[in-house]
Amino acid sequence: MATKHTVNEIMKPATSTDSTVTATQTVSSLADVSEETYRKGLFWSRIRHTLREPLSEFFGTMILILFGDGVVAQVTLSQDQKGDYQSISWGWGIGVMLGVYASGISGAHINPAVTFANCVFRKFPWRKFPVYMLAQVLGAMSGAAIVYGNYKSAIDTYEGGSHIRTVPGYSSTATAGIFCTYPAAFMTKTGQFFSEFVASSILMFMIFALKDDKNIGAGPLTPLALFFLIFGIGACFGWETGYAINLARDFGPRLVSYMIGYGHNVWAAGNYYFWVPMVAPFFGTTFGGWLYDMFLYVDESPVNTPWVGVKRIILPQQSTAIHRSVV
Amino acid sequence: MATKHTVNEIMKPATSTDSTVTATQTVSSLADVSEETYRKGLFWSRIRHTLREPLSEFFGTMILILFGDGVVAQVTLSQDQKGDYQSISWGWGIGVMLGVYASGISGAHINPAVTFANCVFRKFPWRKFPVYMLAQVLGAMSGAAIVYGNYKSAIDTYEGGSHIRTVPGYSSTATAGIFCTYPAAFMTKTGQFFSEFVASSILMFMIFALKDDKNIGAGPLTPLALFFLIFGIGACFGWETGYAINLARDFGPRLVSYMIGYGHNVWAAGNYYFWVPMVAPFFGTTFGGWLYDMFLYVDESPVNTPWVGVKRIILPQQSTAIHRSVV
Amino acid sequence: MATKHTVNEIMKPATSTDSTVTATQTVSSLADVSEETYRKGLFWSRIRHTLREPLSEFFGTMILILFGDGVVAQVTLSQDQKGDYQSISWGWGIGVMLGVYASGISGAHINPAVTFANCVFRKFPWRKFPVYMLAQVLGAMSGAAIVYGNYKSAIDTYEGGSHIRTVPGYSSTATAGIFCTYPAAFMTKTGQFFSEFVASSILMFMIFALKDDKNIGAGPLTPLALFFLIFGIGACFGWETGYAINLARDFGPRLVSYMIGYGHNVWAAGNYYFWVPMVAPFFGTTFGGWLYDMFLYVDESPVNTPWVGVKRIILPQQSTAIHRSVV
Amino acid sequence: MATKHTVNEIMKPATSTDSTVTATQTVSSLADVSEETYRKGLFWSRIRHTLREPLSEFFGTMILILFGDGVVAQVTLSQDQKGDYQSISWGWGIGVMLGVYASGISGAHINPAVTFANCVFRKFPWRKFPVYMLAQVLGAMSGAAIVYGNYKSAIDTYEGGSHIRTVPGYSSTATAGIFCTYPAAFMTKTGQFFSEFVASSILMFMIFALKDDKNIGAGPLTPLALFFLIFGIGACFGWETGYAINLARDFGPRLVSYMIGYGHNVWAAGNYYFWVPMVAPFFGTTFGGWLYDMFLYVDESPVNTPWVGVKRIILPQQSTAIHRSVV
């Protein structure tokens, strides 16, 4: 019937936004007739079918970095003539929003720490974790390389020559901050870690809230709500460490900047700060996800099993059995 | 049927956004099968079930303060390098939007004065009022404490030492304004009260308008509309008193700032201003809610009972009887 | 059935946003059971029922001016410390968005020139026009008075005394611009008129586009789309004359500023500019509405009758007959 | 039934937003009863019926330029007093959003390069391409002319006389940048081309993502999502060449500025830059569209035919046959 068909169509967005979707669901949604037909006859479609989820994460993270690194490049290199700190909040917020729209096929994680928390709390299969993380890092690297290509002349002009590439803290015309984050000078290592941890916790707590249909839930407005979430994190917790809150977003472009010729200082800067945005987000998203599940979530979660999930860790088989029985 | 199921899902948001939802409804929505099963077998789930609504308000208000106090901290401490007054409007708007998304389970009040107006005009049970208010204040205190932890080094640097903590009006490097509001110097006590009263009236008038299905109603767009409402109040009525319009948002963090060591001046500043944002919002939301119900609301409200609700106050039992009969 | 009921609920917004709704429809939607019961028993409900539409326009326009004049007051009086020109775009955009949410009952015109264009092109009954315009002007006056009350001390401080009230062009500390618009100095009378005409045309062309279900149509997103429309007009066509584009918005507060004591200059300023924002918007919205109907609208409109509506003006009875026959 | 009717109504937006809609669909949607009746009796309606799609593109592009050129005029001529670079991002974003709302009837391309990519990848009929492009260029010219009329006095004041009209790079009070784009001084021709190419690729990649129902898809939120997309391109890739990414947007107004009297330099500036924003967007949108279809799109596309579409180019008839068979 026409009506039912139409209703299905408007429902689509809500369903496919779901970043906690299990692998089975995702694959089954692809197994529609035309796709199957393609697989039989078309070589590329067959390859692509296998790589579908990594490709999706790759492009989602690439879009994120294109806008994110792009806006920092424009603001830095134009010396605040073509944007200011607020533009940077806009750029990263839009990067996440559009990155999510681009990568709905794979659940739109575009952040290894988000994939990790989905593995821990939402039964996302662990075996996919390395592939997702690799795709995210490669996507971020591609995005950073394109931004570099686009702004090369401007970087040359700003740094004072095509062979000069400097890192914040070592030069007053440093441009390495375009690609990855460098902490404010007054921060201790503990403060750096805490800042990234808090921002990542808020990120994951809110993502779980936005996806929770037993709460309000953002439904088809999720990408828009994520814009506001990222804008907010940037405006409220973005100064001290630059809110990387994402290994792919920070490590990928940092590697690119090293390969381009920014030198050893991309690692040494901020007293070897580079590992903080790689490690802290995993602790943050795990804590933020746990907080939401522990206190607000009523659907299936390890926290909602006997002994608040601890049993599950100690006696995995038995607790899974119990878990299954209650659902 | 698949279709019906999906339709129910998209409807959810609209329903659960409703901050005027009665207690019965909220509880019944929780009493779904899996939850019941949990209650039987799981100790924590049983406790959590009882504390469900206070926990929801606690986290909603915590999110509000994390973003709200966070943005003021970033703008103040970076000396307008990483944000300006407009960022503050963004931060508080996002704080309310995301706080509402986090706390839909309890009706997303995150403001004692909003709870109060819902008790007066929307039959929200009075017995819940103290618990809600307590949860909101504790949530705000937690948020403020986290912001303090995150920005401690930056505050030390800004104030000039880790033991110096000063209040606006007593020092040019005061940072107490990060946590709670201090009025502009030229304001009289009457002006302070009037400003908070007007902003709170607008807040409640618009919340009732946004929730009114006989008017346009914002439905699933409510959290987004609240972003614009709070942004607007900040941009248009935010200068003179800092638009606290919320006891929990102002008193909670003020208490934290006192405990941290900002001293007696957090109470004395602005000629003992601190009680204004505690008291005025209750008058404001009551007036704003009354205005909407008196002139625009056609559904069930004390104002829409005989003698415009006055009878209900004088002769509660009789008027309730009448009230019931008309519905 | 549950499904149908729910579907009706989500449809509500789209329907009630419709500013072109005919009187019959609006009244019938009010005639629900509980309302009828109220009318029988309750004195105030009976009065209110009659005044329902004017009250709705009154409060909608009041909300518009509260935010609109409020933001200009805050930016002007804080000397750009608590906002800048962009805040003004935000404030007016939010004012229209929230004013529309508040006044859906009456079709959310909150602008006499919009009511006028609806009379001309969308069969809105002419007999309602004077009542709507009066309600809109009174609402705008109330909003301006509240803004004055709220910012009185700040105006005293800014102007240099509680009896000094000056108008732009006559003083460097003028504050009359808080309430109504004054044109830029270099503008000729023709330029002033053209600027208001163009902005009003765009306003009406876009309102008709947003409400046209045969085009994309904004549906429940209409208030949000209006925010962007007003923000855009302010950012792109707001400098020269201050984009009044609304008799109520400009004349109402101007009258209040005259009554408050800003003197004869509120009329004389800009070479007696005051009549331009009263007259030009009617020409603008009529032209903009005509443009949309002439070239893009396929539903019922005088333009879509024989001889492009001219016949209808010359021979009203006959053309109406034809018009009826084609529909 | 009432319900079904209403459901159809809310579905409309999603459907009519679709810029990839084939001609047949568009025409059939117009062939409703009242329209047919009009065609028989009304001369103008008959003409308009034929010109329906070009008229729609004309007005959509006019709205785009009214806001886009309008905001640059206001920011430039008020010397950043009434807006800054961020306002320009707002203005163009709003221009696209509202332009799309105005031109849904024709698929809301408002950009020849978008029409081109729809011809290549989405079976939009090639025979419509020239008409669409002409309508888009004429619409852009009209918009530019209205902006010129509106800001003529201000341009006279800014340039220093009513006969002085100068181009960026040749004068410090140049105003030609209001109408079309001029590249930053440090850019090489390759850099100019690459910058326009990258921005156009992102544009098309994201448009295809937003329209893809097998991905998340923006549905009725598409115009809003486009606002964020254009804002993002402006904030992140807008500095170097001014992000024309649209032949109509750049060439149309450039021609108007030449006709107005800005002289030969509108073509000569930036080492004859003018052809770059005419040519690069076609390459960009084709590449961006190819990228999306190649790696993420599973519905019907030339890329999803044997030999990734190459066969189709070499042996059009045979491959079409195959193509038909798989669908």
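Each chain gets a letter, A, B, C and D, in the order it is written, and its residues are counted from 1.
What we mean here is this: a residue touches a chain if its C-beta (ideal position, glycine included) is under 8 Å from a C-beta of that chain, and two chains touch if they have at least 3 such contacts.
As the structure is a computational prediction, the values presented were derived from the model and not from experiment.
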Those chains which touch subunit D and also touch subunit A: none
Angle, in degrees to the nearest 5, of the Cα rotation that carries subunit A onto subunit B: 90
Label of the chain whose CA centroid is most distant from the centroid of subunit A: C
Interchain centroid distance [CA atoms averaged], subunit C/subunit D, Å: 30
Separation of mean Cα positions, subunit D and subunit B [Å, integer]: 43
Residues of subunit B whose C-beta touches two or more other chains: 3, 7, 10, 86, 221, 224
Chain contact graph, described as a line, ring, star, complete graph or other shape: ring
Residues of subunit C defined as touching subunit D within the complex: 4, 7-8, 10-11, 14-15, 85-86, 89, 184, 186-188, 191, 194-195, 198, 202, 205-206, 209-210, 213-219, 221, 224-225, 228-229, 231-232, 235-240, 291, 295-296, 298-300, 304-306, 308, 326-327
Of all residues in subunit D, those that touch subunit C in their complex: 3, 6-7, 9-10, 12-13, 16-17, 30, 32, 34-35, 37-38, 41-42, 44-45, 48, 55-56, 59, 63, 66-68, 70-71, 73-74, 77-78, 81-84, 86-87, 90-91, 94-95, 97-98, 100-105, 108, 146, 149-154, 157, 220-221, 223-224, 227
